[in-house]
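After this come two complexes, each holding chain A, first together with chain B and then together with chain C.
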Partner chain A sequence: MKGLIDIIIFGVVFTLILGFGTIFPYVELNTVFRAQTTIEYKYSSVSQALIVLLSETQQDSQTATIKPVIEIIGEYLSSDSKPDMSFINNDLNLLFKNKCYRFSVSSQTFGSGLCKEENVTITKNIVLPYNKQKLLGEIKLVGE
Partner chain B sequence: MNKGISIALVFGIIFAMLGFTALTVGLTSYRVAETSIRTAREIEIISQLNNMEFLKQSLRQALVYSFYQSSYDVAKVGGLSPGQYNEVKIWRNYETTYQPNYIKDLNDTTFEIFKEYVTALKDSIEIPDYILTSVKKIDDTTVEVNASSTGKLKLKGRFYEINDNPNVTDKIKIKTIKLFEIGKENFVDKDSIKETVEDAITSIGFKSSCSLTACGSCPSAEQVFSSASCNGMSTNQAKNLIKERIDEKTNELSNELTSVDVRTNIEVLEKQADIKSSCSDTIGNCCRPCEDGCCANYCTKTCTFRYYGAAKTLTSIMDTTKYPVYDGSNDLRNIQLKFYAISSNDYVNAKLIP
Partner chain C sequence: MKNKGIAYSVVNAIMAFLIIGMTIFLIFFHIGGYFSIKETVQQNENERKAIALGELLSTTDLLVYSDGYTVHKGVLAVEKLTNLQDKQSKIFDAINFTDINYYFKITDLETDESWSFGSPQVSRTTQLLRIVYTPYKKDFPVSIKYTDGKMNIGMLSVTVEVLTAI
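Right after this comes the complex of A and B.
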């Protein structure tokens, strides 16, 4: 009888070890990958928002011609005469559908209020109008 | 079967069930984890595709900026003759003309500038060397620019390699080629300066042939020219009048070549005028009434006058739209084609400006 109880205890312990040993790593892995996937998804969404923003066309306040936003931002970053960039807020409101965002070009920042800590930050160098000394300029988009 | 064996069997079955459950849950978790890994990889690939898209967007914009700068640099000196890159070209020197090869010049300069952008953009993504660009006029206000390469854009990671076509094409709203066409048509294919000088002289209405009779000695050609029956002014006054008319007619030409989107200004840098005469005298010896009575000898001088004018001009044909270009600093500037033209109403007899 004592031998039988030992077998039972051994079986329970063995099963518990086997069960947890099998399930736990994958549950943990699953949680980790889920979190990573969420971050990657956000990163991808903010990246796409940036590409869409730069591809859009708007009227350049200085030349009264329709230009891609990337060119208007390029003028803003490279020249002393700054074009009006107030359209950026409207464009980003549409892209982020009232979620938080913050877009920085040089010292000017466009934003929709406070953003949470888990927001994604995309920093990119965009091409600037020709100047041998400086062909690229930095822009930054934070979004959720 | 004794009781001990039965209990062992029951527990054995329970253990087997637990084991099976554990195995099932484990396999499910494994699959979930595997799916998560795949999803994470897919999303990373999507992110990298975004990076690739961003790069292609940058290359396209770099090509546009390259063409803006190329247009500005080539137009402001009227073309790129070897060894004379920074000097404004003389498109016409009387009958000798400079044939601007603006498509090639724009193409070559765009390519050189674009290569600088490509070098700056070479970072995490492998960008192949570009071998050529092409510039093609679509219409008066649109140019198609293309940059091509035989390689591929490559983005490599631990578990992926993304390749993309590096060729870049864009249609740019700019009138550079139209500016060159206006210039070539009016100052190379035809000689608008010559026509302007001819028009200036014709508009004054000078007499080409005059006669003057004087008692005693023969009058001079100058006297014939300035007599009331001829032009009523001295040859110097006539030359100044020709020069004034050259200015006026050049302004008219500037206005003719100006439209809503292209502004032309022709500045006369130097102008010269000349009057050449060819005369013959007829001497008379019968009594002929003169101003102070009757003279025995008189002379009638008959002259044919030829009028010449020449001008050296600096023509500027400007796109009224401004583009972001560099010229000491970055700013919005007009693309402005500039060139000199020297001409006269007679290439053989009136090369008055060397």
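Right after this comes the complex of A and C.
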């Protein structure tokens, strides 16, 4: 009887090792490829979303002229009289639809809600106009 | 002595059943695994194709704004989008994915104006098979550049359809 139990245990262990040992490398490789594709796409997508946002033109609330958003943000960061930036939330809602995003300009943050830590973060420096003390300002976009 | 012989036969029979059971289990386990992996790899491949097509379209000078020296990736010139149907064959000739169907839609998210080319396939049933087109969609943020210098935010949607016969 002891011999029979040994055979059963050996059979089960053998089957599991052979089965998983054969399947696992394929599953693991494919999971790695899939994760890589997803991360590359996410990174490229969030990076492109930030470029699209910065190159969009909007009316500057202070001068009533049409300017690229990057210039409006530059003025927001460098001058005391802050231009209206409420359009950014609307633009990011259009770009990210129902997905998570968080856009930070200095201490002001525009966001759709809490983003997970593993989401993509893109940080860029933009040129600040009329400011000899600080030439660059940092902006950050977290998205999925 | 006779009882001992019977006991050995029972053990042998159980062992035989066990080995046959294990073999059958192993065969089905591998077949199931093979189809599961094949399906996942195929899905991954289709996603890659959709991403490759999106990257291609957001850099081709057939659609993208160019100042004569530089092609601006992701900046679609609106004057190049107006006659898309005429360019369709030229763009499609540059793509060599023969086993899939694809269509593209570019939307100005601020004005809701859109431009599209290619056409979605409709699933159908033949006498023997049901022909199904499974879509994989990927979105790419783009800028839409108007002739007066205005830049709007937009989205390039790439849908890849894969033919499956059930």
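Keep in mind that, in the parts below, the second predicted complex is superposed on the first by the 112 of 144 C-alpha atoms of A that agree within 3 Å, B and C clash if a C-alpha of one lies under 4 Å from a C-alpha of the other, contacts with A are read in each partner's own complex, and residues count from 1 in each chain.
In this section, a residue touches a chain if its C-beta (ideal position, glycine included) is under 8 Å from a C-beta of that chain, and two chains touch if they have at least 3 such contacts.
Remember, predicted model here, so these are calculated numbers, not experimental data.
Between chain B and chain C, B contacts the larger number of chain A residues.
Judged by the touch definition given at the top, the superposed model places A:43 against chain B, while chain C stays out of reach. In the superposition on chain A, A:57 contacts chain C only, with no contact to chain B. Of the two partner chains placed around the shared chain by superposition, chain B is the only one that A:71 touches, whereas chain C remains out of contact.
In the superposition on chain A, contact of A:81 is made with chain B only, not with chain C. When both complexes are overlaid on chain A, the residue A:11 reaches chain B and chain C alike.
Of the two partner chains placed by superposition, only chain B is touched by A:130; chain C is not. When both complexes are overlaid on chain A, the residue A:91 reaches chain C alone and has no touch with chain B.
Overlap of the chain B and chain C interfaces on chain A comprises residues 4, 7-8, 11, 14-15, 18-19, 22-23, 26-27, 30, 33-34, 37, 40-41, 44, 48, 51, 55, 68. For chain A in complex with chain C, the residues that touch the partner chain are 3-4, 7-8, 11, 14-15, 18-19, 22-23, 26-27, 30, 33-34, 37, 40-41, 44-45, 48-49, 51-53, 55-57, 66, 68, 91, 94-95.
Those residues of chain C lying in contact with chain A across their complex are 11, 14-15, 18-19, 22, 25-26, 29-30, 33, 37, 40-41, 44, 47-48, 51, 55, 58, 74-75, 109-110, 138-143, 149-155. Within the complex formed with chain A, the residues of chain B that make contact are 4, 7-8, 11-12, 14-15, 18-19, 21-23, 25-26, 29-30, 32-33, 36-37, 39-40, 43-44, 46-47, 50-51, 53-54, 57-58, 61-62, 64-66, 68-69, 113, 116-117, 120-121, 173, 321-322, 324-326, 329-332. Within the complex formed with chain B, the residues of chain A that make contact are 1, 4, 7-8, 11, 14-15, 18-19, 22-23, 25-27, 29-30, 33-34, 36-37, 40-41, 43-44, 47-48, 50-51, 54-55, 62-63, 65, 68, 70-71, 74-75, 78-81, 124, 126-132, 135-136.
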